[in-house]
């Protein structure tokens, strides 16, 4: 089996996959991408912090028509992970309005996105429903 | 022999090839491209006028490095045709500073630019030195 | 009229739709020349030109246009602010007049978009790397559009509407579709709209789904079009003719904002805060309250967007956008007509033209020149536009007292 | 200082050259943050942002930058005016302050161009049609670049210089090359220049010919870079600290022009008339004469261009640019030093950054902070930039009396 790399650098793989945000040392604002300074307070020091892996789906859409090469339909949404908003797809769910609703509890899940020419797997993440029934 | 079409619509082919400018009815400004209104006086009526085929080379450059597909070197210049400035290449001349000089007398000349899939020839124009020696 | 007021002296929008035989500059020239004609001025009277064309923003549309309407040597500002580009051009011309650099300015927005297909999300295939290597500010080894949410505009704005529904309740697929039903109904009175056919609720809900809950007729229509406006200082307007003074429309507020940082704005664009900020600043600048508005043209790039802007523009109480809409208030015979032009969903959305075209609509009502769709005795109107990135333009316009 | 004066409070330019590990936004952020630091202000003090990036003009560089330096909700203007984009951004920020919309503004220009190759002329192969059909405003059936003159920048500006030579005489290949020799010599004192090696006349003339008479070192250097400036009203500056007041540089004139119609401007861009117009307006606005200038940074995108601008900026008598240059006046130890930074030919030309970078150079001399290349006791300077299409920016700057 080949190596695995995360789809994005803020996804940490391993036994307990989770996201890491860059948190502003001055004001606590969190970012997933590299920033030159904080968009909230303009300070320039950041520290990595783990983001909770469970959250609540705050909004979503079911995309039926996307750029060429993007498989449809899929559910795109925003998850509130205990105060940190995370963008991601809702996965392991039937992509229709009967099975996806705002307010539902979801949890981080990973899956293999693809494999490169050297056999390395890219691992992405999404959020799947937490079974509570 | 196939049909011939001019490279641009302001070149008139035939026995005596020449250029036709769109002249503003109000102020006399001349344009080679289609205009919505006159750049000089903003009026909107134009009439086609023949441009003299002889003139004086006012400026030039010898282009040695151009976009892919453009054969180099070539001489690009501006010809003063009795008060109407015309952009065109200086052709039928050795493209070096010894053979091209500003102030030289030139005259319109045409040549076949290429042939399309239906055998139609596109005819372009340039200015060649008037032999006065 | 006060000397330092700013007025719209002339304004024009082309027919929106398909113009296969006109190029971008043709459309811009038609709008610019007609706006000057409407203003009863010539290009020699214009002291500044601000122009926008988002599909070719580096191409110098302002100077290209000068070649077609008159090269007078005036300063030209080519501007871009996504879907707020037209409003930004207008703001720039206004700023030049306010700064005392000239007393008359021309703003133009133009776009050729017919047949452009889906915007956002790249619009082209993105191939993954052959060997994974982190790239960009997310350190991504492969494309993330479609894998970590969506970059398509219908999807982004769908989430914006759904989030409002989640927070306040009541925002069903059918409710969003009814907003679209209203705008398509309004468009039947607008001969310049790209689409002016009435659509039933069933047709709208049964059409092709683009990004739930937005079906195709609930999305803004890509089309060709241009709009232009001549602005003038109050001091200069006083020297003009009585007909010009009577038809002039006062720019009581002209505001441009961007989004201040909010917790979630990095993961889903926040179109709410900057719109609310712009509206607050505009109401304060104009000395006008939402209750005073006789009509509103707001940026319904998607049916889901129109809903949230009822709230952002304070047309209703906070959180009350759904019952506000359901009351019928925003239909043209309601208490607060919104998008009587048909809105972006039916009138069309030639991006850079939109931010001037919405002002054109409001001006025509304020002048009493809106024909069949005239809102009777309209005195005050608001035009709103937003571009992702983000930028929001809000203008409040008032009928001339002259 | 008068309340309605405009001042440069802080200014910065990045190292010009290759920055493979920095993206466009990194460069813009470096310049913006450093300019604010130089001004001793924070992003919260800034009331307007105007930004330009010609390689991605529709991408909203202003808002992209806000994400990196602070999202404060202020209006953003993304502007474009070819090679005058940076000057246009600065003008826009100045206009907002003059209009009373805020008392402090930030202007940023940035470009990633290293390795961009030949600009103009399309830069890509244009294939002819398989069946000839007239197309566009010339009714052309095939590509005309290279067949009816040239669209390459080196070729266009070569003709502009050669035309001057034809009209007034004396402009040989060697003379143009000597202008380049001067600028490359000047660049040896500029640690931020992309190229800072002295070049002999023989090296310059013997280098690769691009478009006669411009060889490669006589062409502006494509490179990466950014520049940013903070502008402030006189009224606000009065409330700031003594150090800020002392280092502030007065913007005595800020002018933007486009080309008025001239007979030949449709066949060869006329960079002369709009530059002369801008200079005349600037001298009048500043109450300064060409004789008063201690240094000039002008737009030497090609050696052939520098010559004509001596005349256009009225640094010499009409028609006298060649003898003026040959007198040695424009060398750094001459009577009218021009491009002591090394100019676009050696400092580099990251397009949208250029129109602010030239002001950075002048400011540093006026502040007495130009290090090894300081022009002694410089009090007044002029910065000029031109973009084809066309747009010309001229700024006259004066040392603070404080």
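In order of appearance the chains are A, B, C and D, and numbering begins at 1 in each one.
Rule of thumb we're sticking to: contacts are C-beta pairs under 8 Å (C-beta built on N, C-alpha and C of every residue); 3 or more make two chains touch, one makes a residue touch a chain.
From a predicted model like this one, the values you see are computed outputs, not experimental measurements.
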Pair sharing more residue contacts (C-beta pairs) when B-D is set against A-D: B-D
Centroid spacing, where centroids are CA-atom means, of chain B and chain D in whole angstrom: 33
Where chain A and chain D are represented by their mean Cα positions, the distance between them in whole Å: 44
Distance from the mean Cα position of chain B to that of chain A, given in whole angstrom: 60
Chain D: positions in contact with at least two other chains: 66-67, 70-71, 136-137, 261, 266
Sites on chain A at which at least two other chains make contact: 35, 39-40
Overall pattern in which the protein chains touch one another (line/ring/star/complete/other): other
Pairs of chains in contact (touch as defined earlier), listed by label: A-C, A-D, B-C, B-D, C-D
Residue ranges of chain C touching chain B (in the complex, touch as defined): 25-26, 29-30, 33, 42-44, 66-71
Touching residues (chain side chain C, partner chain D) in the complex: 23, 49, 54-55, 57-58, 60, 62-64, 66-67, 70-82, 88, 91-92, 95-96, 98-101, 136-137, 255-261, 265-266, 273-274, 277, 387, 389-391
Residues of chain B that touch chain C when the two form their complex: 35-42
Residue ranges of chain C touching chain A (in the complex, touch as defined): 118, 121-132, 134, 136-152, 154-156, 158-160, 162-163, 165-166, 173, 208-214, 261, 263-264, 266-268
Contacting residues of chain A [partner chain C, same complex]: 5-10, 29-35, 39-40, 58-72, 74, 76-78, 83-89, 97, 102-103, 113-114, 116-118, 120, 122, 124-125
